[in-house]
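Next up: the structures, one after another.
Below, chain A partners chain B and then partners chain C, in two separate complexes.
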Partner chain A sequence: MWYIGKRLLQSVFTLFIIITIVFSLLRLMPEEGYLGAAAEKMTPEQQEIILTNLGLRDPLLVQLGNFYMDLFKGDLGTSVTYRTDVPVTTIISEKIMYSLFFGLGAVALSLIIGVPLGILMAHMKGRWLDRLGTGYIVFVVAVPAAVYYIFIQMYVTDIFNLPLLFDEYNKMSWILPLTSMALAPTASYAMWMRRYMVDELNKDYIKLARAKGVKERTLMFRHVMRNAFIPMAQYLPATILFTITGSIYIESLYSIPGMGGLLVDAIQRQDNSVVQGLVLIFSSLGIIGLFLGDLAMALVDPRIKLGKGGSTR
Partner chain B sequence: MGDNNEKSRILSIQNLIIKFKLRGQVLTAIRDISLDLYKGESLAIVGESGSGKSVLVKSIMGLLDKNGFIDQGKILYKDYDLSQFSTEKDWLKIRGKEIAMVTQDPMTSLNPLKTVGKQIEECVNLHQGLKGKEAYERTLKLLRDVGIHDVEKRYKQYPHEFSGGMRQRIVIAIAVACNPKILICDEPTTALDVTIQAQILQLLKNLQEMYGLTTIYITHDLGVVAKVADRIAVMYAGDIIEVGKTHEVFFDGKHPYTWALLSSLPQLGAKGEELYSIKGTPPNLFNEIKGDAFAPRNPYALNIDFVERPPFFKVTETHYAKTWLLHSDAPKVEPPQSLQAFFEEGRRYAYEQ
Partner chain C sequence: MGIYSEEISNISQKSNENLFDFATVDEQKAEQTGYSNYSYWRSTWQFFLKNRIAVFLLVVVGLIVAFVIIQPYLPYQKSPTEIYIDEQTGSQARNIAPGSEFWFGTNSIGQDLWSRIWEGTRTSLFIGFVVALAEVAVGISVGALWGFSRKLEAPITQVYNIVENIPTTIVLILMSFILRPSISTIIIAMCITGWVEMARFIRNQIVILRDREYNLASKCLGTPSYRIILKNLLPYLISVIMLRMSLAIPFAIGAEVFLTYIGLGLPISEPSLGNLINEGRVLMMSPDLRYQLIFPSVVLSIITIAFYIIGNAFADAADPKNHV
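Showing the complex of A and B:
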């Protein structure tokens, strides 16, 4: 418990620093970002009034204090240019559902296919399935995603007669974005799983287990698989959390109204409060993901002592 | 012990040749070995590293690396010829149940993510057919038998919570938990502190009696052997060049390689004197070996040693050596000076007992 408490404290502290830095940096941005589309038509006096009302003429520390007060109330401010006067939280929560759905779907799909694929590949190392899987992995890693996405759009849609664009009410249209998104992570899960399995299989304790008369299959399931999955457990929470950010490419390719393009749009339109809200959310996700990863490791790996502090790996 | 009649023979290796394929070449690791193991005895296999000790015992359990294969010969155990075994199903009849193994490095031989109790219990389940509470109780007993205290608590601990010596005790408990007839210990103390070595040896000896085991004890350290073995087989370059009761090999060794091994015992060297070491290197196993493999390093080598491989010459009913020096036409050669005193003393001591 000590270990977890310590890691939690570290995470909160890191989060605090990051938020403060993001906040301060955005104060260095051009102030038009708070004025909206009408900025050019305003006199400098009018601009001053708006900025003062927003609290931007207060000392930086006071601004920071207010910002944190609002943050704890769950208020990220309102959008300036993107969708004027709509709360940032509303904008994000509308979009997040789409990204979350496809993101989690893709993670689930790639775990369900990638992990067993990696296990089978390790089990049949050097045989045809392993070769086939390796071919797939090399393909996905070597060929830019844009290329095979386009191939999917050009041919797969025709062959299976699947809709090209996303439509909330047509479930068939969910298939292609999901599979496209799962292609790369499936390959990497398969690759890591295979690698960790082969590592484990070469270890002495496997030889001893074999010598004591454990069946090869039992050996795979009870000893090797679990041990090989542990290094992956560390990265899984972060991977899952990051699906929230959405995939810019997939979302624009299939016209999914998700988070993917939001940050880019907000930056292009100089909407400071939306940018600030997004950066804050993304960085928190990263930190929470790392923390949960360490937590997961601590739970599954007895070598990490929960009682005392110390390095995790 | 060492009673040579057929009835007590438990394992018989006959004319065994084992080869490995390595990068398109073939290496012969075991070169035509025949060896019997008798029920209840403790046989030590001694030889420098690379001489094929591990390969020999791995072949008995079907644990040769994938690139290795039995080229010729038989391994007879009960009604089986193990050299003909090919499927996992075959080997599962032997592994653990009949023959179990204690491996060299206790630091890596245990699954780091399972409690030691569970790892022992796995064998109890598999080979003693016990489940649940009974299996748990048996596991605790095994932990006690290998000299671990506070067993209920220890049962629940993970390997990293044990010291090297303690882990080796766990590995031994795992092997014994299988209820085997034969226990193979492949350099069980090599990775341990000298002080702990003695304890582990004593433990193995006790367990052998307690559970009526037949043990094969592998080591490259002759000094260790005298304490545990009834018989010794000396290996060199994939061949057994001398075999006999412990005192026969120790105090009446016949093969010059045995002499060399004995001479390099630290106990033999006088204080301040440099330790004896064998000159040259073992032969390359990729090449065909002609004559006596030890001949190029052997100061006593005869001409014939370079031409023809010596057969086993009988010294006594129980003692055989593969050296032409034992042939009736061979010139009389005495073991090195430093050894003669040792032999004398040893023999006197052996007869007094």
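Showing the complex of A and C:
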């Protein structure tokens, strides 16, 4: 319990620091990002008035204080260029369900495929399935995701006659975004699973079990798999991070109205407050993911005594 | 007393002047005594050569790097940024399919894709190498201090715990959003996130190694700390450092593509592989123009996969357990 509390405190502290840093850095940004599309028509005096009204001429600490006050009330400011004067929270809350659905769906899909693939690869180490799987993993890990996402959209839609863009009411159009988003986490699950299984297989207790005549199947499922799952538990929540990157590509490629696509849009339109809100949400997600990962690790592994450890990673 | 007492009692008689002459090295005699001519790097190299795919890819990467450097000086090369005019119509030579005039065709405003691809590869490789070098330099320095100095250990660990919690993608986006896009800002943004893992790795290894007997002995003999780090600890880690470096290159190239994709990459006037792929993506709906996407993607995939496989093969080869 003590460990969990300490770890939670650390996460909250980290989040606090990140928010502060993000906020201060965005104040260094060019100020056009706050003026909106009409910036060129304004006189310098008018621009100055707007900036003062927004509180941007106050000292940084005052701004930071105001920002935190608003944040606790759940207010992230209003959008500047993306949808003028609409609160950022409204914009994001419309999008968050799509991102959640696709993110969690992709993680679930990659678990279903990735873990058994890793087990099979470890089981058939050195044979063609293992080679094939390794090839797949190398490709997905080494080649930038944008490249194969684009190629999947380009050719697979032709081959299977799937819709090119996302359509909420057409279930067929959900297939490709989900599968492409699942590609990268599938590869990493398979890779870790295989690695941990192979590590376990080389240990002495497995040799003993073999020597005393435990069946290969029992050995795999009762001994090796259980132990290999322990380090896996840590990576599970952390894959939320994967899906952040994935969602940025996928959502803008298939024009899914989610947060990743929104981030690309907001960046291209220089909408500072939307970018700021999204960065805050994404980094909180990441921190929550890592926290849950450590938590899962502590719960699953009896060797990690709650209260000690923690900095072992 | 034992069997040797006789030997010892007569030892002064056996001694003579010649025994104190300097001996010369004789390779053959050395072989006979079971002296192993083991050289770490030679064994590493020999083991690496056994991995045919990695050797092949190493040659490919070598050729690409060499070609990228000499390409602008070869005859019949066009400028990567000049917009070519079609002589017959007088308009820009837009979207010409690959042929004898434009080897990889032209893009949508009439620039030569062949030279743009190599210019882009040059940019991307440059970014990759610089980021990898910076990562290694910062990572080693921080990691060595972190692992070796007991005073600095606690503060650096605290900083690390915070930095590690921030998603890399977010830092990358934020940094490039704030800094104006150019090669140097992209490199800075990537370096800010890249060194962390390297530092942690070096630190973990140094903590394991620093209290081994040979280091204690070295310390007792009065060796200064920097010399212990440089001569006793870092040579142990050289293989890992090389591995991290060779993996940092494909990841830096990939990050550049990512940044360009979300609109934070280099300006179009500076071709990079990310830029070219992004340009090609816009045109992917018309099958005739897909070559503009396919060519840079293929070059990019070859480079990243090659670095990845070479890095891993090298890491295997550098592990002395595999040398027999």
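Quick note on the criterion: the second predicted complex is superposed on the first by the 261 of 313 C-alpha atoms of A that agree within 3 Å, B and C clash if a C-alpha of one lies under 4 Å from a C-alpha of the other, contacts with A are read in each partner's own complex, and residues count from 1 in each chain.
Methods note: a contact is a pair of C-beta atoms (placed from the backbone, for glycine too) under 8 Å apart; a residue touches a chain by one contact, two chains touch by 3 or more.
As the structure is a computational prediction, the values presented were derived from the model and not from experiment.
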Next on the checklist: One more residue to check, A:Phe151. First (chain B), second (chain C), both or neither?
Outcome noted: second
Item to check | chain A residues touched - chain C or chain B, whichever exceeds | outcome: C
Next on the checklist: Applying the document's definition of touch, where does A:Phe282 land relative to chain B and chain C: first, second, both, or neither?
Outcome noted: second
Item to check | First, second, both or neither for A:Ile244, with chain B first and chain C second | outcome: second
Next on the checklist: In the overlaid three-chain picture, which partner chain does A:Leu208 touch, first (chain B) or second (chain C), both, or neither?
Outcome noted: first
Item to check | chain B partner contacts - residues on chain A that touch it in the complex | outcome: 203-205, 207-216, 223, 226-227, 230, 300-303
Checklist entry - Of all residues in chain B, which touch chain A in the complex? => result 61, 63, 88, 92, 94-97, 100-101, 103, 105, 108-115, 122-123, 126-127, 158, 160, 171, 174-175, 177-178
Next on the checklist: Under the definition above, what is the set of chain C residues touching chain A in their complex?
Outcome noted: 157, 161-162, 164-170, 173-174, 177-178, 250, 253-254, 257-258, 261-264, 274, 277, 281, 284, 290, 293, 297, 300-301, 304-305, 307-309
Checklist outcome for this item: In the complex, the residues of chain A that touch chain C are 10-11, 13-14, 17-18, 22, 25-26, 28-29, 138-139, 141-147, 150-151, 153-154, 241, 244-245, 248-249, 252, 263-264, 267-268, 275, 279, 282-283, 285-287, 290, 311
